[in-house]
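Below you'll find the structures, each written out as structure tokens.
In what follows, chain A forms one complex with chain B and a second complex with chain C.
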Partner chain A sequence: MPVEVRLPTVLRQHAGGLASVKANGETLEDVFGDLVRQFPGLAGQVVTEDGALHKFVNVYRNDDDVRYLDKLATQVSDGDVISILPAVAGG
Partner chain B sequence: MALYASILDLIGNTPLVDVSQLSPNPSVRILAKLESQNPGGSVKDRVALAMVLEAEKDGTLVPGTGQVIVESSSGNTGIGLAMIAKVRGYTLKVVLPENVSEERKQLLSIWGAEIIPSPGSEGSNGAMRRAQDLAAEHDEWWFPFQYGNQANVKAHLEGTGPEIWRDCPEVTHLVAGLGTSGTLVGVGTFLKQQNPDVQVWAIEPPAGEMVDGLKNFDEGFVPPIFDDNDGSDLLDRKMIVRPRESLEWTRRLIDVGVFAGISSGAVLAGAHRCATEVDDAVIVVVLPDGGWKYLSTGAWTDDLDEVVERAKRTMYF
Partner chain C sequence: MLRLAADVRRRMVDHCLAGLPEEACGLLGGTPDPADATVVYPTRNMAASARLYTVDPLEHLRADRDAEERGLELIGVFHSHTHTEAYPSPTDVAQAPDPGWHYVLVSLMHADPVVRSFRIVDGTIEEEEVEVC
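So, the complex of A and B:
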């Protein structure tokens, strides 16, 4: 199912400068797999070689942090927006 | 009691106010803890005081000596520390991102703090790195490091959390903002110790979009107090609330008479989402500060579209 993936500034260089790309999958793992097929430079940037989310990366499905849903097994539906953002503090 | 020996004795014991009129679900109550009632005007008075008292207890700080404290802050922690430094006799230097509201800068100056500006494009992470560098260069300066200081958590574990439980043991959900993670980790841990069924929801701004100082993800940052206290096991949900929704809810709070800051609007927006997903719940939200420090942003008076654009460039968490 096609979803929109929004990329942070630091990743756009690996995706031809694009801020937003389309990718397919039933789960986030599929979506990121599809993303790397389209843009091999993104390999290892969001999902580590061990298959986990990079520590300093937050991934959101429609603004919900997927670490508190089902992580990479989180289901996605047609039209969902997946946002990738670096971890930043406040205070 | 109405007579206090020191302004610092007024920190904590903030009121919990029923704002259920804003709930979209008649079976869900929303109660707001008004941290604006602290003397420095925000929840960070608690954190600043806890960190200073801890340092005085172990002898790192000696009151009245004018010792230098250096800290990085998006404003409120700095303001709390400035007030306390003035009363306890220390010198405060605050590394502050340039893109915070004018009032935050003025308040720091009023209490005698020196502001060391850091690039707005680097956000809190950049300010923190600068403060770390300065602390490393000056051995004699004390760097509280709110992101890694357990007293930050303790202030909420022993203060904010027990106050909420005392005033509302029926609480089913805690919704609060995620900055240093101190409020969520401290209050969340305490409430779950009392009742493991309490759900903890974290709200954050889409700050990562604003910060372009990061060259790669390895420059991202997870506060050590979040990891040290198993924050990721504690949270049940974590979600982004964008500036438009934050501002809309900051304005809606006025309908129940509550004049609060923009991050409070974000937290209310999160509580509203929560209330649409659950039934028979009592949501407690922690509203970090009042509206005074954001008047110059036009948050209540200007055209919403314009204020949203401005808010995207301003740090309000």
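So, the complex of A and C:
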């Protein structure tokens, strides 16, 4: 089912400059898999080679941080908005 | 060059002073080109530290949405250095997420806060002029 995936500026270069794209899946893992099929340049940017969420990004399903849901196994529904944000930190 | 609205500069510095003795942080909204910061989003420092900062990701999400509703985007981040100069630390450089962003530092080590802005691209720091208008 289609969801909207919102991309941070730093990743848009890998998605034809788009700020928001549609992707399909039952879970977040499916959605990110579909995203990489559409935009191969996004491979490794959100999900690590080991199949985990990259620690330098925060991912939200609507208003919920997916790390506090089921991480990549989080279910998504038609119309959900998935937001990918860079983790902003320093010293 | 980064243009900072005077009100943005004032609110940014006030947030940093209010955060003492810990570092304070927040996001800047505006237009990327020309770089013009017109909205400030003070955020919680999740690290709650005098040496580190982490922008609260939920506040980041809300700031991102608000900027979009205003037809703007997030163009940078600011944070304070409580006892050092307004210059990016090695941690700032290592963790800079976006080469397109403006990294604004507010030093509180002197009586008068000092505000400087930098671009950080592939680990290289380049200072840029800040114009308060």
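In the analysis below, the second predicted complex is superposed on the first by the 88 of 91 C-alpha atoms of A that agree within 3 Å, B and C clash if a C-alpha of one lies under 4 Å from a C-alpha of the other, contacts with A are read in each partner's own complex, and residues count from 1 in each chain.
Convention: a contact is a pair of C-beta atoms (placed from the backbone, for glycine too) under 8 Å apart; a residue touches a chain by one contact, two chains touch by 3 or more.
Just so we're clear, the structure is a prediction, and the values are computed from it rather than from any experiment.
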Which superposed partner A:27 touches (first chain B, second chain C, both, neither): neither
Chain B versus chain C as contact partner of A:75, first or second or both or neither: neither
Of chain C and chain B, partner touching more chain A residues: B
Partner chain in contact with A:8 - chain B first, chain C second, else both or neither: both
Chain B versus chain C as contact partner of A:38, first or second or both or neither: neither
Partner chain in contact with A:54 - chain B first, chain C second, else both or neither: first
Doubly contacted residues of chain A, that is, touched by chain B and again by chain C: 8-10, 56, 58, 60, 63, 65, 83, 85-91
Interface residues, chain C side, partner chain A - complex: 23, 25, 27, 32, 47, 51-55, 57-58, 60-61, 64, 73-74, 77, 79, 88-92, 95-101
Of chain B, residues touching chain A in the complex: 44, 73-74, 76-77, 123-125, 128, 146-147, 177-180, 182, 202, 204-209, 211-212, 214-223, 232, 235-242, 315, 317
Complex interface listing, chain A residues touching chain C: 6, 8-10, 56, 58, 60, 63, 65, 83, 85-91
Touching residues on chain A, where the partner in the complex is chain B: 8-10, 45, 54-58, 60, 63-65, 67-68, 83, 85-91
